[in-house]
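Got some structures for you, see below.
The following pair of complexes shares a single chain, chain A, combined with chain B in the former and chain C in the latter.
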Partner chain A sequence: MATPTVTVEDPHVAAHGGDGHHGEMMLVGYDGQLHPSRLQHHFVSSEQQFEASKLGMWLFLATEILLFGAMFVAYGIFRMLYPELYEQASLQLDTVLGAANTLVLLLSSLTMAWAIRGAQMDNRKVLFWNLIATIALASAFLVVKYFEYGHKFDIGILPGANFELDAGTATVSELGGATALKPIVDHSAAAAADGHATATNPLAADAAAGSEAAAGEHAADDHGEGHGREGEIFQNRRAGIFFAIYYMMTGVHALHILIGIIAIGILAWKASRGAYSSVWYTPVENVGLYWHIVDIIWIFVFPLMYLI
Partner chain B sequence: MSHTPDGHTDDTGHGTHHIFDAKVLKQTFAVLVGLTFLTVILALWERGHADIFGLEFHFPALHVGWLSVPIALGIAATKVYWVASRFMGLKYEKSSNVLVFLGSSSFLLVFFFFTYLDFAYRDTFVPATAVTSDAVGAAVSESEAREAELTPPPFVETTGADLFGAPAAGAPAADGATDGAADGAAADTTATP
Partner chain C sequence: MATQTSPRTSAAATPALRAYPVGHEPVHHYLREPRPADDVTGLARAWAWFKSWALTVDHKRIGIMYLVAVSVFFAVGGFLALAVRLELFTVGETIMGADTYNRVFTMHGIVMVFLFIIPSIPATLGNFLLPIMIGAKDVAFPKLNLMSLYVYAVGAAFALYSLLKSGGVDTGWTFYTPYSKDTGTAVISVALGAFIMGFSSILTGINFIVTIHKMRAPGMTWNRLPLFLWSIYATSIVQILATPVVGITLVLLVMERLLGIGIFDPALGGDPVLFQHFFWFYSHPAVYIMILPAFGVISELMGTFSRQRVYGYRAVALSSVAIALLGFLVWGHHMFTSGQSPVSSVVFSLITFLIGIPSGVKVFNWVWTMYRGSVWLQTPMLYALSFLFLFTIGGVTGIMVGALAVDIHLHDTYFVVAHFHYVMMGGTVFALVGGLHYWWPKMTGRMYHEGLGKLSAVTTFLGFNLTFFIQFIIGSQGMPRRYYDYPDMPWLQPWHQVSTVGSWVLGLGLLMVLANGIWSLARGRRAPGNPWGAVTLEWTACTTPPDPHNFHHTPLVTHGPYDYHVLFPHSGDGAAASAAGGGHPQSPAPAPAPDTATGAPTLAEPTVDDGTSQPDPIA
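And now, the complex of A and B:
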């Protein structure tokens, strides 16, 4: 059935006698009245439709909070069990890069809110360019994360059982624990440079003695193999626990950033074609809410991982 | 813009759409940046050293002990309040969305609380009696000590000694073996409690 369509051109003429939908495609309904084309028949009004859509988005965000919540609980329980592990391990994360990324995400939240404001005020330029800015900032966040991960992988900070302990450090499995953290020999020079840490460990006695000679070489070669591997964490048999949680939380968060970039990219593409106006911008609003929750999660991840 | 936020929302029947105020957005961003710097500075101060782009700084550390976690979480929660209330517009919203946000957050606390109880008090109770395992352990060690006091010294039996004459073949030996002759000849000493 062909539906007659009408476009209301002047909002303010319509506003005084009608529904005030400016420039929007209108459909004539079965009741003979004009209805906004975006309004689905089971909603009373565009307003109700918008609110229902937003409530649905909030329910999705609740599941996001609980998804990350499980990881925060894991973080909290292991922190309770091994407090010194967390203090040692957080020193390995680059506070400056983490703080910079926090600022980048906060700024991207601002540009996202500003984009919604552009849609609300029918300013398509503001909408489009703020969406582009948000994508750029999100990408910058991922680039920083990429370099952070790369550096960690280089110096053997890997999650779980793959964490490279200094040579001679007893693994949890050797002590009768359930988790095996494999020790490596590559960074023995760095371990021996500390000296006392390995010497106190009976299992490390041989390795420490063996690499004592190498310690001198290492001191001369400051940017050698062991560079970046300083700190007690490399003798902490449970280091893998912290970094498993770190990689899991930041990894799932980065995945959310990536999904956000795709979603905002679609918004920007549609916005450039004039899809959104003050009458209808529900997708912009909902993706905006998603983007802010990703920001909120990082607001908690940053201090818990990098600072304390 | 020719139409102000207020006039726009009132006149056109768009209902309660809140139109973001530029000033509020900028202010919110400024507060968030300020709180970020605050939490970073406090964390570095607590460490007593900082490594900023390769530059090492050392300064007297601020010892706050166990407070460091509540302080960091408190600042983070304040930041989240600003993001949720202003950027996400919960301040201007219907209560149903606020309920979803606060509801899911509070269930997170329930989740953490009971997991915490499990781990913190694991192995500290004997389930059948609900008596703390410390008390049970103390009672057990006390009774063991008393038992040790009351137990007579072990009876020492020397087999093969010629106390009552040589043991006859087939007579029960100390360890219950029937080939008493062989045992008797061994002349070993066993202690029976």
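And now, the complex of A and C:
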């Protein structure tokens, strides 16, 4: 059994597996030697353990990129297939709320980085309150998202087959599967020919009849809340596709935010009990990395969905 | 500097105060005996034994649990395969109708791909051997390792739930839309199961890459890494980068069924070919998840049982990585007939051919390893030679179906079925079984029955060729895959019957492998420390079977993984042999084969004191 009070000259030197920091909790192992208390048995030193954890986290982040990458590809392909759909549909997204959320997330990344700095500086207050601030900002993001979603659900903007078209608009399925997929070539040829891809797309022709006028009209109420079922998108038979991608991307992203809130919550709870110090703050560092990737993904989702 | 400004870290002030109170010190359990104490009896003993497995973070036990799991699923998938073959025995309905047949071949594919072959070698042999081979005490994240096993179990349960719900699914293992959206069978549970098992695969991959990068023993340079680990490393890259894509694809498929999101549904303006792109972006690299570890096993077997260095070590090592990377760029060759643009098809076809280069590098190097070696025909080597023969056929026919014009004719025929069974079964399964024989003494401490082992190797080899070589012929005659009947081609019936009989022979051979394993556990001879005279760390620096913490002292690696002359310094004097032209230029003559009853001479590997040395738990 371990003896707690062992006095050695300096238990924190590398020979004992320490990382050179002072004040590190040391334990006596079965071999009778001192080991840093946080050092797992299969690692040689605290540095090795820290670097292994961090590399593992980076690899996990790579999988996150690929996970969202597939949805970005879907976004790009359908944008290429149906450019007019994206123009019409993105007008339904609230740019102000989206921009506000972007700011909120950027700020939360700052507080997260600050929290890590707090751990490195052994400043428990900075660590704890920045973690709390990060949670608050992340929750604010979800609240805004809740109102965005709620508004869309109210006016019938639902993904895929459930999108509520204006009365009298034929759905794609009524047109028959054969006409549903428009060859890409026609789009690019038409766009190159006269620069009005939307107007020359036969499938959107009826909806795009007054596209010039309608676009100008919508530019006015593009921002701010309160726009209802206005816009050509409600006559576009493929509207469901855009909003399927929108809901999937923002939904999976929101799920990541939620997981982040839980993880940071656990960190904050443990930080309040003094679990982290400059000697050992691996979980704070790794959750921070995770939080930044969630932020970065939003940085790409926001302009692609809301702005262009 | 920054830390010194904080009063909390002042060294002089606190070191003694920061110790735990007496009696509350956390206990490091890593040296706990793996079996319950003697005074624990009855149910309590059974419970303790159960916990010692269910809660273990020991990579060796996790590997063995994975081995049991994949063996069970291999048996399930195998019986489904026998049912498929039996149905094709005669023209017309033999034992089941078309709907049942669709479910049976689909479940065969799903069980074999997702439940068996993806985790087969990496999660069993890889888990067991990887830390030992690099001189580490465990993988970098032991708890994640255990979690991957449970995640895998949950995913498998989801996948098999479909059997209860609707008697399996009938989409084929590829879940192509829009049929997978419309079919009445339980696609959601299988798709979620595959999604969940993907997490398990990712966790294993992350664990392996970090372990290889960060936990190698002193002296274990990248150029001394056993080739098995190079291939595991390449496999892990694929697992990490490809699996998330199929994950989100399957989620989208589930959403398609639940909410009708329409992305893959042409009726809503979606694109079903996009599903195929997404699916094969994972599933083609996934075939390299399946075959690359097999390459690694074969490299080990070729070296050890030829008794000389693996020829072209670096070429073999880097070709694994090359295959892993090129493998990401060829998915479109599954879609030559799906209406993708001719330009894409040509490019995909070209890159597919390029994969033949690193694969060829491997095959030629293995052959050259045997050249003027002292080839030792133990059971593992018989499986390795079978692999060499079968994989070459599988690989070359892969190039054939990768050629555009040929593929138009052969697409979705039994030719393709035969091709991938030659690679997956003739490649991966033979390598797995060969590797199991090779490392069986290390894993269990028992020798298997050599005679029965050789008999099983010959039987499986014959049965396999009988089953699948025929399918090249019936495929080129136009027999489509996934059909339960061939009324228009009655002349194929004798061929089908030969193939079916072959499947029985193959099944018999695999049963012999199982019987051999069970016999060995019950009656097998105690294995010597190094029965094959190999020089990778698991044989030279580690007890048999390995201690819970692998090494008492971290080994100091001073030789390459195939430097057999360190064990046999007096075998074939190097200079004279190379002057006489024996063996490879500038290398000693092949090492002699040791007696498997006594094993190779022991080698006292040097060790380093890095502060992690452990006392012998028995002492």
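The rule we apply is simple: the second predicted complex is superposed on the first by the 231 of 308 C-alpha atoms of A that agree within 3 Å, B and C clash if a C-alpha of one lies under 4 Å from a C-alpha of the other, contacts with A are read in each partner's own complex, and residues count from 1 in each chain.
As a convention for this text, contacts are C-beta pairs under 8 Å (C-beta built on N, C-alpha and C of every residue); 3 or more make two chains touch, one makes a residue touch a chain.
The structure displayed is predicted, hence computed values, not measured ones.
Once the two complexes are laid over each other on the shared chain, residue contacts for A:Thr95 go to chain B alone; chain C is not touched. When the shared chain is aligned, chain B and chain C each come close enough to touch A:Asn123.
When the two structures are aligned on the shared chain, A:Val252 is found in touch with chain C, with no touch to chain B.
Of the two partner chains, chain C is the only one that A:Ala161 touches; chain B does not reach it.
Of the two partner chains, chain C is the only one touched by A:Met71; chain B is not.
Of the two partner chains placed around the shared chain by superposition, chain C is the only one that A:Arg238 touches, whereas chain B remains out of contact.
Counting the residues of chain A touched by each of chain B and chain C gives the higher count for C. In the superposed model, A:Ala62 makes contact with both chain B and chain C. Once the two complexes are laid over each other on the shared chain, residue contacts for A:Ala52 go to chain C alone; chain B is not touched. In the superposition on the C-alpha atoms of chain A, the part of chain A touched by chain B in one complex and by chain C in the other spans residues 11, 15, 21-22, 45, 51, 55, 59, 62-63, 66, 69-70, 73, 77, 81, 120-121, 123, 278-279.
Those residues of chain B that touch chain A in the complex are listed here as 1, 5, 8, 11-17, 19-20, 22, 25-26, 28-29, 32-33, 36-37, 39-40, 43-44, 47, 50-53, 68-69, 72-73, 75-76, 79-80, 83-84, 86-88, 94, 96-97, 100-101, 103-105, 107-108, 111-112, 115-116, 119-120. Interface residues of chain C, counted against chain A in their complex, comprise 2-3, 5-6, 8-11, 14-16, 18-22, 25-28, 30-31, 131, 136-142, 144, 202, 205-207, 209-211, 213-215, 240-245, 247-249, 251-252, 255-256, 259-263, 265-271, 274, 278, 281, 549, 554, 610-615. Chain A meets chain B in the complex at residues 11, 15, 19-22, 45-47, 50-51, 54-55, 58-59, 61-63, 65-66, 69-70, 72-73, 76-77, 79-81, 91, 95-96, 99, 102-103, 106-107, 109-110, 112-114, 116-117, 120-121, 123, 278-279, 288-289, 292-293, 295-296, 299-300, 302-304, 306-308.
By the touch rule above, chain A contacts chain C in their complex via residues 1-2, 4-5, 7, 10-12, 15-17, 21-27, 29-31, 33, 35, 37, 40-45, 48, 51-53, 55-56, 59-60, 62-64, 66-71, 73-74, 77-78, 81-82, 120-123, 159-162, 171-173, 177, 180-181, 237-238, 240-241, 244-245, 247-248, 252, 277-279.
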